[in-house]
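Read through the structures below before going on.
Paired with chain B in one complex and with chain C in the other, chain A is shared by the two complexes that follow.
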Partner chain A sequence: MSRIARRRFDALVIGAGGGGLRAALQLSQAEAHVAVVSKVFPTRSHTVAAQGGINAALANVSPDNWHWHMYDTVKGSDYLGDQDAIEYMCRAAARLVVELEHFGVPFSRLDGGRIYQRAFGGQSQNYGGEQASRTCAAADRTGHAMLHALYQQNLKARTHFFDEYFVLDLVMDTDGYCLGAVAIEIETGEPLLIEAKATLLATGGAGRIYRTTTNAHINTGDGMAMALRAGIPLQDMEFVQFHPTGIAGIGILISEGVRGEGGYLINGSGERFMERYAPHAKDLASRDVVARAIYTEVEEGRGCGPKKDHILIKVDHLGEEVIKKRLPGIRELSRRFAGVDPIEGPIPVYPTAHYSMGGIPTNRFGQVVAPVQTGPEEPVPGLYAAGECACVSVHGANRLGGNSLLDIVVFGRAAGNHILEILKEYRYHRPTPNAAVDAVLERLRRWDRKGDGESVDVLRDEMQRLMEKHCGVFRTGKVMAEGIKKLEALARRLPDTVLRDHSRVFNTARIEALELENLMDVALATIHSAAARQESRGAHTRLDFPKRDDMQWLKHTLYNRDGRRLDYKPVRMKPLTVDPFPPKERVY
Partner chain B sequence: MKFSIYRYNPETDRAPRMQDYSLPDDCGAVMLLDALMLLKQQDATLSFRRSCREGVCGSDAMNINGRNGLACILPIADLGQPIALRPLPGLPVVRDLIVDLTQFYNQYRAAKPWLINNDPEPEMERLQSPEERDCLDGLYECILCACCTTACPSFWWNPDRFLGPAALLQSWRFLADSRDQATAERLDDLEDPYKLFRCHTIMNCTDVCPKELNPSKAIGRIKQMLARRVL
Partner chain C sequence: MDEPLLSDPDDRDFSRLRWRCRRGMLELDLLLGRFVNDHYRELDGAGRAALSRLLDMPDSELLTCLQGQADPADPELLSLVQRLR
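Right, the complex of A and B next:
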């Protein structure tokens, strides 16, 4: 084996967003020897950008209980969510949010001193009744407040961090065990093998497969692609959430919390058009519903602005005080990037790629599951996933706002707990086969080749445009088939791409190249999965198949990298303790 | 658009140099970070950190026309040309615009930036009135970009002993939190001729903070608290 430095830990957590940090904390507090690896300094992970808040039925503002939260989540998922995992998450929510408060998260407060909660889309009291206020918020900087508090608790618990290390790939042995991962230290360019009895992928989303996105530049689906390369399928990748309100043309997010506080959407003639699409919930209908409505308004010529290419979100009627107190971050972003102060005028917005509902299949303990021998629920030994890179699946075909920050802490913690259990059994590290490490290093070496060739930027740009055009909010079989052809052709150009910087020290061009390989794998997974699903469900909207089809399609997609093979597995319709919510027509 | 950018790669360069770059005025870049990313397409070796592109992650702090700031939220139209870009001052340069922030992070850790409360954990949240919570506004929003600390002369002169404005802002964030019980311990830690008292209220920190926070005021509040304790 090429000689590379190696370190050994009980557990390896890849990713220092909210998911990774919550898992690491569980492990560190139990005195397990855990390492967290992140390609950016932990507080720069994209959880920091989350704005609106985290859902839990605390009932501080409106009557509430976890059953209603569960109902809303199942309905929001368009019945594709696994009901055992959803029950587990909604039941745990209140306790875990309280725990975050104890960790120091500076939640906004109500007069009596309890945590402030705001209304968010798709939330109801009493199974589809009045609007609920379930989203716990620290102004409109909830993700920032959470990520910093979780990092601080990990500092206190003395978690070991490898900051600015880029993980290349998992190391698997021939028995299918995950033994750790190979990373490069970005500052020196040196590879490092990190061996662990359990490895958790918590690498976040892949918004950068699209051109316009609310996601950071670093959200390149690395963990998802690592799983694919390790022979693990990705689940439900066709379900990409387009957030209704990104700043038009730029994609920077204007939180759903703006509508939760009373803001509303208007079209070119000043009409509150959501009343036509969702008479009951109006602007606070589920995200897929609102995104389609905006898209339709613009397509049918009722957009705003000289090109009629966006719509407006009106906030000024809330008054200066509410805006400054509850939406200070939004005000800052809007002034900077849209050039309008929401206290004075409406903000131009348009649907924008936001969130991957799909990801690495796991069970509710965070174990990665893949059909190897016994069926689709078979755990991959030593491998876990949590957060946006995973698909457990609590979001199904459409995620509710405020449920992702919840997902990451609930399943980050659950994975940490399960790892603690197996650490009791696994006394020793299994030997790392040289061949497995060499294969990873080969991937790195490929980029040392010099000479002529295309640049990474050109391919990334083409991929993002292709995905936007061929796999966007509204889809058809024909457009997607063409998209697949073009994307496959683009992927074939990837091996001939060359780097124009071969230095070792902090070579960001090399990191971008490795990220492009990951993006390409995730984009292919998305469009192949989407083209195959011949129905409309949640965020996956097909003009050629406008109806949901529970007879044929109430099932999860599993996409395999080899041969682009698609398998399917049943949705887990049975909750843990309560009665199931059978599929119904979904109206808001 | 014209730029003059600090270049240094320790593998090949003996000394840093300034390199000129330009972009067509209609290249579409609005913020400085957009321009940097276009320049990186011209010259892949040009290196800088970036992530969120919206001023919340704190990755792309640099010295812009002599003043520290975040490239992603500075409109090019507001900047005099040629735009001079240098790494944050006072820290070792890793490469080009990338500095080694180890010292800065060590200071942050030294401030014990975590909530300390030794009461048994209640079943529900700890109560905090909206007024008590208001005391944390202007403190918890820090993105650890290091613009302030690397603009502070006291930090340049005593990088290993003075905690610097960012870390002291964190000290105050926890001292000001009605839920935190470690006030005495935190103040003991700061009662030292260097950690806190090297601040001479020069205000550079507050001037440059891209999040419009006020570390200088926070430091003043800690000093007041210490003074009151003596009385």
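Right, the complex of A and C next:
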């Protein structure tokens, strides 16, 4: 084996967002020896960007109970969510929110001192009745507050952090056990083998497969791609949540508030086109309707700008005073990122990728499950996943606001607990075969190749544009088939890319190249899964198959990297203790 | 864009700071990344040290400062934040 440094831990957590830190805390508090590896400083993980809040049926503001929360989540998932996992999550929510408060999250409060809860879309009382107020928030910084509190708790519990280490791949043995991972220290470029009896992937989403996304640059689907390369399929990757109005080409959210204040959308000829799509609600129609209208205008050649690739939100008619008073944040974002002061001109917008519902298949204990030998859901020994990189699946085909922060604490903790159980059984590390480590290092050596070749930046830009055009908000078989051809052709060019700089120390171009490999694998998983699903469900909208088809498609997709093979497995329709919620038409 | 040649210590520092501009929020990725790419080489030693300190700030506080809703107490950071705005 190549001689590389090695460290041993009971458990290895890859990713330091809320899911990874919650799992690590569970382990460290039980005195397991835990390492957390993060490519950026832990409190700069994407959890920090979650503003909305975390759902729990505390009933502090409106009557509520976890059954109603469960119903809303199942319905929101368009019945693709696994009802055992959803029940587990909704039942655990109240206790875990109170626990977060004890960890130091400063939740906003009601006058009487109880936790304040706000109303969010998709929340109801009494199974689809009146609006519920279920989302607990720490002002507009809930994710930030959670991440910082969990980080502090981990420091106190003596979790070991490897900050600014980039994980190359999982180390798997021939029996299919996960033995840990190989990471490189970004500072020195040196590889490090981290051996662990259990490894948890908590690397977050993959919004960067799209040109326009709300996701930070770190969200490159690293853990999802590692799972694929380890022979594990990805589940339900066709389900990507889009927000209708992000700043065009950049993705930063322009919230519904702008239209709420009287702003409206116009196309390339200045027409207020929403009147054609939603004569009554117009610009205030629901998210999917607005996204669909924007997409159609651009596709039919009525877009704005030199490439006609976006549309505009007009606000200037509201007047300087109103804009300054009611929309100061949006004005600031527009001036900075679109170069437009909305007092003077309209803001260019386009639908923006926001959240990956799909990911690494797990059960409700966080164990990664795959069709290994006989059953469709056999645990992969030693391997766990939690959070956006995982698919447990509580969000199914569409995630509700406030459920992602809940997902990460519930299943981060559950994975930690399950790992503690197996640590009791496995007292010793399994031996790490040299060949397994060499296979991982080969991925690194490939980028040492010199000479002429294509650039990482060019390929990434092309991939992001292809995904946006061929696997965006609205999809057809024809457009996706063409997209698959083009993306496969692009992926074949990836081995020809070279780096200009081959130094070891802080060579971030090399990290970006490794991230591109990850993005490409996740993009392929997404478009292949989407092309196969011939129905519209949740966030997956097919213009050629506009209806949900429970007879054919009430099932989870499993995409395998080898041969781009697709498998399917049934949705877990049976909750743990309550009656199932059978599929119904989803009407709000 | 020319990739920095990292044998030069100056470029190494540039690369290190550029990586630390990778944040949890897209807004910060863009604001900080652009600034470091365009202006890092104009900064003197004190300016670079201040930038390094600025990047140690938590994401939400940093964004609040860059959007002009708060000012850092440290005058060197304040002057840097004013350039970034």
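By our rule, the second predicted complex is superposed on the first by the 484 of 588 C-alpha atoms of A that agree within 3 Å, B and C clash if a C-alpha of one lies under 4 Å from a C-alpha of the other, contacts with A are read in each partner's own complex, and residues count from 1 in each chain.
Methods note: contacts are C-beta pairs under 8 Å (C-beta built on N, C-alpha and C of every residue); 3 or more make two chains touch, one makes a residue touch a chain.
The structure displayed is predicted, hence computed values, not measured ones.
**Q** Applying the touch criterion given at the start, work out whether A:Arg272 contacts chain B, chain C, both or neither, answering first, second, both or neither.
**A** Touch status of A:Arg272: no partner.
**Q** Which partner chains sit in contact with A:Ile115 here, chain B, chain C, both or neither? Use first/second/both/neither.
**A** first
**Q** With the two structures laid over each other on chain A, which partner does A:Arg465 touch: chain B (first), chain C (second), both, or neither?
**A** neither
**Q** In the superposed arrangement, which partner chain does A:Thr47 touch: chain B (first), chain C (second), both, or neither?
**A** After superposition on chain A, A:Thr47 lies in contact with chain C alone.
**Q** Considering only the touch criterion stated at the top, classify A:His102 as touching first (chain B), second (chain C), both, or neither.
**A** It touches chain B, and chain C stays clear.
**Q** For A:Leu155, using the defined touch cut-off, is the partner it touches chain B, chain C, both, or neither? Pick first, second, both or neither.
**A** first
**Q** Pick one for A:Ser503: touches chain B only (first), chain C only (second), both, or neither.
**A** In the superposition, A:Ser503 touches chain B and chain C alike.
**Q** Looking at chain A, does chain B or chain C touch a larger number of its residues?
**A** If we count touched residues of chain A for both partners, the winner is B.
**Q** Go through the superposed model and pick first if A:Lys324 touches only chain B, second if only chain C, both, or neither.
**A** After superposition on chain A, A:Lys324 lies in contact with neither partner.
**Q** By the touch definition at the top of the document, which applies to A:Lys485: first (chain B), second (chain C), both, or neither?
**A** Neither partner.
**Q** In the superposed view, which residues of chain A touch chain B and also chain C?
**A** 40-41, 43-46, 48-49, 141, 144, 148, 187, 216-218, 252, 329, 332-333, 336-337, 499-501, 503, 505-509.
**Q** So in the complex, the part of chain B that touches chain A is made up of which residues?
**A** The contact residues of chain B facing chain A are 9-12, 40-41, 44-45, 47-59, 73, 94-95, 98, 100-101, 105, 109, 112-115, 117, 121, 123-130, 132-133, 136, 140-141, 143-144, 177, 179.
**Q** Which stretch or stretches of chain C touch chain A in the complex?
**A** Per the touch definition, chain C meets chain A at residues 3-7, 12, 15-16, 18-20, 22-31, 33, 58-60, 67-68.
**Q** Once bound in the complex, which stretches of chain A touch chain C?
**A** 39-41, 43-49, 141, 144, 147-148, 164, 186-187, 213-218, 250-252, 329, 332-333, 336-337, 499-501, 503, 505-509, 511
**Q** With touch defined as at the start, can you tell me which chain A residues reach chain B in the complex?
**A** Within the complex, chain A contacts chain B at residues 40-41, 43-46, 48-49, 58, 97-98, 101-104, 106-115, 138, 141, 144-145, 148-149, 152-153, 155-156, 187, 216-218, 252, 329, 332-333, 336-337, 455, 457, 499-501, 503-509.
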